[in-house]
């Protein structure tokens, strides 16, 4: 296929996640970065643009300017989708304007700052007829896709219990709160109503819903903030899924020594599974009456369950490949959308996941300060149809 | 020291836990089993007695008969303590009568069927001046003792978060409910108000309190029963410790494929630890600013933290050795008590742990059916002093 | 069954392995230690005897005196077998005299100091009609028995490759050579022609032969000694088995940080297996066309493959239990031998393993200093029939 | 920096390793693929070229044609280096012609079919003044670089023992010999004198030499071929390093179930290390007197030891990133070489590793069929200076 043309908003010289997005987009050679508004600082933006080998004329002073100018370019030349890697509080406006200008959008998580914005965005997206994807990266791992397929195909039986956790330790030291990565996450103005739950708890919730093909219907929560922090840096949530399973979710940014310990176990009536992000190429299956099995990425058995891999078994793929898998699928969708109205169904996280994520975060925050035990998570499915990419 | 003389109530030919107690008592050659009331069925009791090489005259028809007869034997001949390994609903009465007859008691967990019985027992114990120990086996593991010591000595800093779980899968299949091990555990008349929380959840709670040297002050719970079961087989508990730490506890007997997956992580302000019962000889330490460490049982570093070991590093010890460590310490206390009034302080779980365990179980059951989120766990410390063995 | 009566030679107050043997004998309650010659120092011997609760009259000044006196006791009272836990250079003479006096023998490894002695012992054993067992402890692990059964039953197909290693680090520091455990092992007068290969290399060789049910037919070796040591502390051996498999064996006592890292992998035409002594309750099975399997001790699948266990899956058993499994089997044989001539066949290591072990060690030492690549290992099977316990 | 311009020889539509090279080159956005001779079949070559978005005019019918044409392009437009991903028997000629035409070369392993060719190539390389790199991929892993740095800086003390292995199982089934990947590797005409040792054994040898900063001086070997195969599919090698360490190397392609199990352990006088390719982001350090440490990629401690990483700790990088690290370094060197004569020293494997690899393979093959135990590995250092990239 012809390379898909991407623009980028955010991702200047010091940005971390912008670089990750570019590597993910680069890896498979299917996407070409053709334009960008990398920074509010024009010098920095030009510096980035030059470093990336982008035509200086397509390095824009603002995202608004970029959408305007690109929209005026010939169809086979202009940017086809925009990757949004700005600070979080801008995600909503950039995405909205991009969609309204006719561009597909791939946005870093979270979609917006709150549920209200997410609902507005869902509305814009619906009317735009454009594609929207959200980088819930962990669903890009092939063994996560395999895990979901095992659940969906009934090999675990009815799901009874889910245990999911995402433990980090990088915010353990209160003296580091002024650091670049910490400062905005702990500032309600920039991060919204939650730090830990919004940053990583929502990944854990998304992972559980993705693998179980189910929704968290009710929850009870206890989140907390260390020292004088205004936002949570740790929390526990008891879960009840729409399908009847119970569960627990733990997220922490103060778990000293933990790196990115995202782990999920799903216990069904017939079998169970166990997956960890830090060892992503193995999926442990537990049975009642036979030995444990370890399903390994890229083996024929695993390949039959879906998921994208590039190397033979035992040559590990990791986080960037999982990220690239999202880009790969999105590029494929954009390419298909050249010919047709994009009513593409896929496993890519999209506007529904954006809505559910925001609903989860807000419910956790509300529930945690309440004396009432159970709180319903708003049902967002009626807003925007079903599937990841309706 | 002269061997300590033990009697046993329960532990007939088909009993599982009785055999475990005997192996634990045998291992170090410090204890001699001199009498027993192994079964209500006299033939079975005699069979067991003969198999164990016990003098036929000291195989008794009932525990009452045993306590009477042994009490009349010369002091240097009679049983010094009784190991109670009957079905749970008898624990209370056997222990009470043994204490009242002047014998020390080592009782399989749980101490009683409910908190009321436990309080009565604590009272009897207090007045008897006899020793009482409860086999919360997991506190016998040397790396658990080491973990506690690391916490107590401040090497982890103030504890912020505790994650403890005990997952089994052996009750996953509802069709097995009539099996010997399952039937009584799922019967309220024999097991009390809880199955899963009383059988293993309380072990998890005890382990957390032991390592953290702290008490669970408040909790919120969600327990559930599969199918038509009358008692819980799974549950999640959110914890708040008296010392300020938060936590979560998950226990399950329907986690298909899990064996005895008891694991605890304790996150402090300075460092964290991670221990699993199924790999009991390693203790993972996590630091903010240096590599993970794996502390191994029986190494000089570990030995300096306490705990009993018998073999060099890398020659694994396991569950029976942990169990034997409790027997070892108890035999030592009994031996010391020959000379003096037994006001021995040790890490052995005792009557306080019995009280706290019952308080935990009852609070979880109450909390789970309540719409109120937080429930205080009754403070039992005023009943019986402090320490494991006051 | 009636308890089996055991005597012990060696195992005084400071001895390590004597205590291990006693714990192994104690664990299952089937064996009673009735007499001993624990030390050349009568005071120490009496001290031990008293500590163990043995009748003072049956604490003997020498093993010769013990064999004489016990032989004169009534048949239902006298020691039935002797456990030999002396320094290695005495193993041969104690075992020979015990057999000649009509006692069964269970001897700590190695059986003798050299092959010549082993052949003499085999001859004595043959003529005595008594039982002889050698504590190649690792064959007592249930998953090792399971591994052998998988090979023997053909589930791995024809074996092609074996990789076995036993790495320790405790002799890494040359300054510790005068320590009690090190000194005699590095002294040719007390340890024979080899340190590392005789102490642990032979365990690795035995394990490979046991699991594969095959013999090492030829080998090439490179052993070495650090500093000024007279005996090897490290070595590598290339193996060719009688049945056609190739292999490698590595043994080291200078592998800094290693504890008792005995590991074996066996690769067959259809499947492979991987077992490690430090995680003894798991056996990894590798297949060409399906997920890895982890077979766990005490599960129904594992139990069907043989091996002795005492606790449910997930309650780990370890080194002492493996050791006790040898004692258990030996006690059973001794008990059977009360009624009949002991032509019992079992998996217990016996005189053949004694012969093969010595042949292995001597061939490695010879081969290492030779410029010729391959050296045949003497075939000892014609000396003493077949099976572990002929 | 300005993107580095790359051409590719080989890597047509069905090729596996060509795609890996392109992903590695893509990942960091520093390299642009500007031309290629992807296949002898012009249609396939054009198909690939078009798929990759390369100017049709720069898709060439042969590598000779490519070198000719590109050499005539302006200096700031023409290809700067060629990536060689043809079948192995062509590596030599393509590399030689490229160097002679003035292009830098990055060649897939092995450099040539035999040592003679490698020596000729070293000569051409020397006279050309061009850069040459060989993709011994595993040296690109950051924890391998860290391991080397720990050795070089003396933290392990003098190295005593090295255990390295590379076990695969994909050639276990003889019925698969006609498959595309298997057929040429087992054919002496295309693969040279060895299959297993040339394909993966040499990676293991390279890894050991890289980490230890030492050379294998002597070896003894036993390689074998299953069934009627003409080339080895398994083998064991005893090693002696120039610096005094001993070692063993095992390589296998018939180890059923193994994927790409490349593992190395290096035992020094003070400490030891353990690294596995399948879990590449952890490096285990073993000490004599303190707990094991696990050094994790991208942590500050690891970063201080060198190595390239792109993601925070706990977001795993894998094989493609290791591969990209070689490309990254090579692109940097090419960029530097624009300004100056390239006498760049780096850790990148180069012509010396090419020579040593061929010397290793040929010595193993010779040694295996010899009755003499030890065989010297030819010293190639006098041919081409020192360092990876002289």
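A, B, C and D label the chains in the order they appear, each numbered from 1.
To be clear about the criterion, a residue touches a chain if its C-beta (ideal position, glycine included) is under 8 Å from a C-beta of that chain, and two chains touch if they have at least 3 such contacts.
Chain by chain, the UniProt names read as follows: A, B, C, D = Oxidoreductase.
Because the structure is predicted, anything quoted here is derived from the model rather than measured.
J.: Which chain maximises the distance between its CA centroid and that of subunit A (Oxidoreductase)?
T.: Relative to subunit A (Oxidoreductase), the chain whose C-alpha centre sits farthest away is C.
J.: Where are there more C-beta contacts: A-D or B-D?
T.: Top pair by contacting C-beta pairs is A-D.
J.: Distance-wise, how many Å sit between the C-alpha centres of subunit A (Oxidoreductase) and subunit D (Oxidoreductase), to the nearest whole number?
T.: Centre separation, subunit A (Oxidoreductase) to subunit D (Oxidoreductase): 35 Å.
J.: Which whole number of Å gives the spacing of the CA centres of subunit A (Oxidoreductase) and subunit B (Oxidoreductase)?
T.: About 44 Å separates the centre of subunit A (Oxidoreductase) from that of subunit B (Oxidoreductase).
J.: Could you please state the distance in Å, as a whole number, between where the Cα atoms of subunit B (Oxidoreductase) are centred and where those of subunit D (Oxidoreductase) are centred?
T.: Taking the average C-alpha coordinate of subunit B (Oxidoreductase) and of subunit D (Oxidoreductase), the gap between them is 56 Å.
J.: Enumerate the residues of subunit D (Oxidoreductase) that touch no fewer than two other chains.
T.: 258, 285, 292, 296, 299
J.: In their shared complex, at which residues does subunit A (Oxidoreductase) touch subunit D (Oxidoreductase)?
T.: 1-3, 19-20, 22-23, 26-29, 32, 52-53, 168, 170, 258-261, 277-281, 296, 299, 310-321
J.: Along subunit C (Oxidoreductase), where are the residues that touch subunit D (Oxidoreductase) in the complex?
T.: The contact residues of subunit C (Oxidoreductase) facing subunit D (Oxidoreductase) are 160-161, 163, 165, 169, 172-173, 220, 222, 224, 226, 234, 236, 238, 240, 246-248, 250, 252, 254-258, 265, 267-272, 285-288, 292, 370-374.
J.: Which of the residues in subunit B (Oxidoreductase) end up touching subunit D (Oxidoreductase) in this complex?
T.: On the subunit B (Oxidoreductase) side, the touching residues are 285, 289-296, 299-301.
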